[in-house]
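Please find the structures below.
In the two complexes below, chain A is the common chain; its partner is chain B in one and chain C in the other.
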Partner chain A sequence: MTAYLLRRLGTSIIVLIGISIFIFLLLHAIFPSPARVELGLRANQAQVNAWNLQHGFDRPVIEQYLSYINGLLHGNLGYSYADNQTVAALFAERLARSIYLSGISLLFAILIALPLGIFQAVKRNSLGDNVATSAAFILYSMPSFFLGIILIQVFAISFPIFSFEASQSTSIWVVMGDWNAMFLPILTLTLLTVANFSRYMRSSSIDVLAQDYIKVARAKGLPERLVLMRHMVRNASLPMITLIGLFLPALLAGNLIVETLFNYQGLGLLFYNSLSKEDYPVLLAYTLIGAVFVVLGNLVADIALTVADPRIRLA
Partner chain B sequence: MTRFGKKRIGGLALAVATLTALAACSSSSSSSSTTTTPGVTTQPGSIGGIPAAGTPSGTAGSITFGFAPNDSPNWILPITNAADNSVYNTFDFGWQLWRPLYYTFDGSTPTVDQTLSVADPPVWSNGDKTVSITLKPWKWSNGQTLSSKDLEFTFDETKAAVKASPANWADYTPGYFPDTIASMSTPSASTLVVNLTKSVNPTFLEEDIINNGIMPAAWAKDSANGPTLDFTNPANAAKIFSFLNAQSKSLSTYATNPLWQDVYGPYKLSSYNATTGAFTMVPNPSYSGPHVTPMSDFVGVPFTSDAAQFNAIKAGSIDISVVPPEDAPEISTLKALGYNYFGLPSYGDYFVTYNFSDKTGDFNNIVAQLYFRQAMQHLEDQAGQIKAYLNGDGSPGYTAIAVYPQTSFLPASAATNPYPFSVSDAISILKANGWNVVPNGTDTCAKPGTGAGECGAGIPAGTKLAFNDIYNTVSPYTQEDEDLASDAKQAGIEITLSGSNFNYIIQNYNDAASPANDSKWALEDFGGYSFSTYPTAFGVFNTGGSGQLGDYSSPQADALINASVSSPNPSAVTNELSYYETNLPVLWQPVRDHIYAWKTNISSSDPSALENLTQYAATPEFWYLTK
Partner chain C sequence: MAAGQQSSLPPLDVTRAPEGGEVGAVQSGWRLALREFVRNRLAVVGFGILLFFLVFCFLGPLFYHGDVLQVSLINAHDPPGAGHPLGTDENGFDVLGELMKGGQAALEIGFFAAFVAITIGALVGAVAGLAGGIVDTVLMRVVDIFLSVPFLFVVLILAVRYGATVLSLSLVIGGFSWQVPARLVRGEVLTIRERDFVLAARTAGAGRWRLIRRHLLPNSLGVMIVNVTFQVADAILAVAYVGFLGFGLHYPNLDWGDMISDGIGYIEDGYWWLIYPVGVCIVLTVMALNFIGDALRDSLDVRLRRR
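On to the complex of A and B.
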């Protein structure tokens, strides 16, 4: 296991360096300097030159990259010239909010989707299965923006039960406690994720139910509850572990659409705004940290698989 | 809406409403507000209306003000750098704390409002090379009177700022103010005399350049607890600016830094959220200017999207907010939601830029012909586009400022369309100048040459009227450019459309910034510019101007612009605007209304204090809650 982890670590570092070079060059190829965007069209050349000098955009790209990496190695993610704050501060302000929104939605989705998928597999082609399948298809095909708008219109404006926007508090504890404000954004994300996960869980469960060991268990007279709990659930959940692992980067990415729709300042929105402002330091840091989460998510999924399935060995 | 250029706040001429009872009455304003329906104020070209002032509740509350996405404030120092220069940082945030020397816009009328200005009208002498500025006896929040030393300090720090970096002050152009300051003196505690090295148009300097807030001379330190320095020493001024600039970059301390509590504007900052830009301002008890009593708190509320902002309006959770352009078709529902609304275009223009350097298909030679630009302008259906794509909420524009809001600077001839939409007129012009016109086909030059009735210099026989147009892929530019291409096709002009995003356009289809792409675009539509109350296109249409993308160059335009910024002639800028109307440096397009909504339980002591919202201004000291 240790050797495996070390190998994965080494591979990950190479991947991260590659990503950083790729993103850096890509950004600079498209926009060699964001000065015009930052300063406005009417900024004169003297102002543009001064700004480029101040932010290092007058130097060769390779020099800019090495300078950036040097800063990273010293724990400096850079300074956002669009938001007048360090990138670290921008992330710190939003990270907890994004993790909470994405995390709680993911948790609810797992708690709902896994039993639902199993139920659908066991009651395959029943009325309940068909209803759940139809609902999943509708939700799966529905853009999150559209679903959010419908929920806001119905539950916040036509029938003002919940708040039309997420909590505006700067305290994550207040945000977590403000269920009235957080209900609709969490519900939007949860429904969309449930639609996704439940289909995977249903398919996986159907596959497992067709396996010989399930038939043997039933032939031996094992009660159906035990057949399902002991022999089906664990095996059917294996693909879900991989799937959930791939969802971990979403904790960082936040959920742009839901954040914009529900007036919630999170990391997804930060990335989007930085993109429109060509705020390179934020974009680079975001992409790199996102890559770290992807690598970590996969690693966690791999390790979790070995725990769930003793047949799998990491080597 | 993508518009560039610093929008300056409009001034208000509002009488002091010192008593609650008075707040219900319209003040003795010099505002040009007009009333067409009894009790409801409108303006020519406006939509909606401002009802008569309501009966004050007599109690102060909090009035929430919605900032559009990405518009929440993130800069506080009165010397605003180019990167952070926005109407939101300046007008809606900074000017609540430090009012400008000359408060431009009176309601929606582009003119200085002396009532809200910190200084009396300047006195010019010495051939417009010397200006004497006398401050009104307004008070700082510590009780001291504003002094000429404060103003001298502000100008000295501005000099230090641009010396450190030209990007440190958004309004800076090398060779102009503050480079032109020869000397300053303070003959009295309230008067500053500034001697300039060269003459300047007084209106240009007053309204376009020196309308920043004033900084207290008490800020003349290079650290929080350091000694007061002699700011007239350039070395000290540089250190002071460096310190102040760094403080302004510390967003998390905006509400706690003692520096930013030294104010003379109507409000003091009591909270600021560095993550969102949300803030709360409380009334400044020392404010010396006009206001209602009691004043309510002014609460800035940011939004992450237009949808979130309009949801807040629909839910009735925001008191005053801009109506997102995409939701303009729903303004008829605002009344039922408990809101009033008023809309006018902000002062400025929209246009399609011609590329005078595009050699592809000899387009540079084609566009150099005035008759071609006239034909193109005939193909621009402004009235139809306002109706079809702007929900009827817009103003036509035939020069660098639109027809509305009305201003005395607009040439009389530019109030009506000199080139009304007419495909047949466009065809006639092209035929009269040697083109073989093929409606719905492609026109070709049939008579090359430079004589009368010939295509013009550098246009060989067989040259096609076929070129490209790169447009900003947001509404209404997409629809407007498609409409233009469709109408042009009827006249045999083939316009190939391609969409791009704003950032990409201004960086890559910009002859000055990307000369390698000079011949890759013929037309582009990035949006337009906002103007201050003095609508010179200095920097936009002068040869080599930083704000022009298509290498337009006209000696006559250069001379007129120079007159607008340097000569004392008050008609100079009108002459300049008149030239653009006929010379067509760009293809003029209609300008969209800027619509604001406010709850029906909010009123103002003068309609100007709600009208000015359309010009990005906010004067919350005149808003109050009604019974």
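On to the complex of A and C.
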């Protein structure tokens, strides 16, 4: 197993290096320098060149890349000229909110999807199963903003129960306590995640139900409830581990669409605002960190699965 | 037995050879797949919906002339009624006409992006699978790198800069969606290249490109077709997201996501016709494609292999 993990780690590092080069080159090609943003559109070429010289944007790309990575490893994510703050500061003030939104939705999604998948497998092809499968199908064919709009229409406008805007408070504790404002964004994310997760839970539960050890457990006289809880849950949740690992990037990169729709001051909304302002340092740091978390998420999912499933370990 | 009753059996004819089993007509794999596909009701429904949208979006404007170009503020925000079956939007444009126009963009981008993705992916996958060794390793690392790119972010960044046309959006979306088909085709090629007919072709002197073009890719078509269908669905969703955030097509073109983002400004005013018809169109189109893809996966992946 150690050999496998070492190989996986090695591959991940290669991919990380490769992806950092790719994204840096891509963004450098699109936005070579923030000089125009800082100096304004009327600045002439000489001023732009001087600014570039002063801030190191006229160096060869390799040099810029290496110094950027060096800064990244020391916690310097760049400087946002449009917002006049370091990128790290911009991220720090929104990180907690994004983690809260994504984390709580993930938690609820797992709590709902796990039993739902098992229920769907046990009562396969019953009315409940078909309703749930159809609902899941519709939900993942739906763009996330449309689900959000429907929920807003039903729960915030037609029947004014909740607020259509997420909490605007800067304190994470107030946000966490403000269920009236946070309910709809959390519900949107949770429903979409459940729709995705329950598909896998359902098919893995169906697979597990067909296994011999379930038959043996039943033949031994174990009550159905214990069969499900002791044998089924553990084995059917294995794909869930992979899914959670794959969900990690969304957790920290912010749920772009939902945050924009509900005006929630998280990392996703920051990305959207930076797009409109063409705030290249923020976009670069954001995309790089997003990519790092995708790689990390895959690695964590692989490792967790190897730890949880001895069959992979011994294979 | 009463006298005169005829025996029901034919007279024993010893000159005819005993019948072996009847050899049934060999059905081509495609025919079998089609039959299996048609038996899946959801797939037929999906196909019907897709066909409806194709006709609606591309042939509709020939029969229904909803104005989407001339601003007419006096007609702005008309509810559905005479002359405007789905009402008008903030510029006085007819919503039904906008649906057709947006649908054209969505379907065009969807299919073209899927085409770009499958072309790049199939080539990369076939070359990687056939060559093996260091080429394969390098190409698969490249696939891993592209897979780790956060899709929506990169697509949005590129769309901000280059996004305002059907062609550029298709290239951007397709350019980051080829990784999965590459992996799938590589897997297929790894299996197919061990087959006897490939060995025979090689012995006859077939070069690498001929092998790919004539033998490997045609036999991977099943996997590719299934994937293309899902690619179209994903591309249409991606266009909706990009349009919703405001980085899609601009006047005089429009797309569905754009329509929704304009519409939600008026959600509190109750102008439902600006939002829900578009949303339902998106959901129906993507659902139809997902139905078709699921059914194709069930019918193609096994049948073609049996051939």
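By our rule, the second predicted complex is superposed on the first by the 251 of 315 C-alpha atoms of A that agree within 3 Å, B and C clash if a C-alpha of one lies under 4 Å from a C-alpha of the other, contacts with A are read in each partner's own complex, and residues count from 1 in each chain.
Basically, contacts are C-beta pairs under 8 Å (C-beta built on N, C-alpha and C of every residue); 3 or more make two chains touch, one makes a residue touch a chain.
Computed from a prediction, not measured in an experiment: that's the story for all the values here.
Determine, under the contact definition given at the top, whether A:Asp129 touches first (chain B), second (chain C), both, or neither.
neither
Name the contact category of A:Gly290: first (chain B only), second (chain C only), both, or neither.
In the superposition, A:Gly290 touches chain C alone.
So, A:Ile19: does it touch chain B (first), chain C (second), both, or neither?
second
By the touch definition at the top of the document, which applies to A:Asn84: first (chain B), second (chain C), both, or neither?
first
Mind working out whether A:Phe137 is in touch with chain B, chain C, both or neither, as first, second, both or neither?
The answer is second: A:Phe137 touches chain C but not chain B.
Touching A:Asp178 in the superposition: chain B (first), chain C (second), both, neither?
It touches nothing on chain B or chain C.
Given the touch rule stated above, what does A:Ile152 touch, chain B (first), chain C (second), both, or neither?
In the superposition, A:Ile152 touches chain B and chain C alike.
Taking the superposition as given, does A:Tyr264 touch the first partner, chain B, the second, chain C, both, or neither?
It touches chain B, and chain C stays clear.
In the superposed arrangement, does A:Asp309 touch chain B (first), chain C (second), both or neither?
Neither: A:Asp309 stays clear of chain B and chain C.
Considering only the contact definition stated at the top, list the common interface residues of chain A for chain B and chain C.
Residues common to the chain A contacts of chain C and of chain B are 30, 145, 149, 152, 157, 260-261, 276, 278, listed in rising order.
Can you check the complex and tell me which residues of chain B touch chain A?
On the chain B side, the touching residues are 4-6, 69-70, 74-75, 82-85, 165-168, 170, 172-174, 248-249, 251-252, 273-276, 278, 303-305, 307-308, 311-312, 314-315, 317, 503-504, 506-507, 510, 512-513, 526, 529, 539-540, 546-547, 549.
Along chain C, where are the residues that touch chain A in the complex?
On the chain C side, the touching residues are 141-142, 144-150, 152-154, 156-158, 160-161, 233, 237, 240-241, 244-247, 257, 260, 264, 267-268, 272, 275, 279, 282-283, 286-287, 290.
Could you please specify the touching residues of chain A with respect to chain C in the complex?
Answer in residue numbers: 11, 14-15, 18-19, 22-23, 26-27, 30, 137-138, 141-146, 149-150, 152-153, 157, 249, 253, 256-257, 260-261, 271-272, 275-276, 278, 283, 286-287, 290-291, 294-295, 298.
Given the complex with chain B, which residues does chain A contribute to the contact?
30-31, 34, 36-51, 53-54, 81-85, 89, 93-94, 145, 149, 152, 156-157, 160, 164-165, 168, 170, 259-265, 269, 273, 276-278
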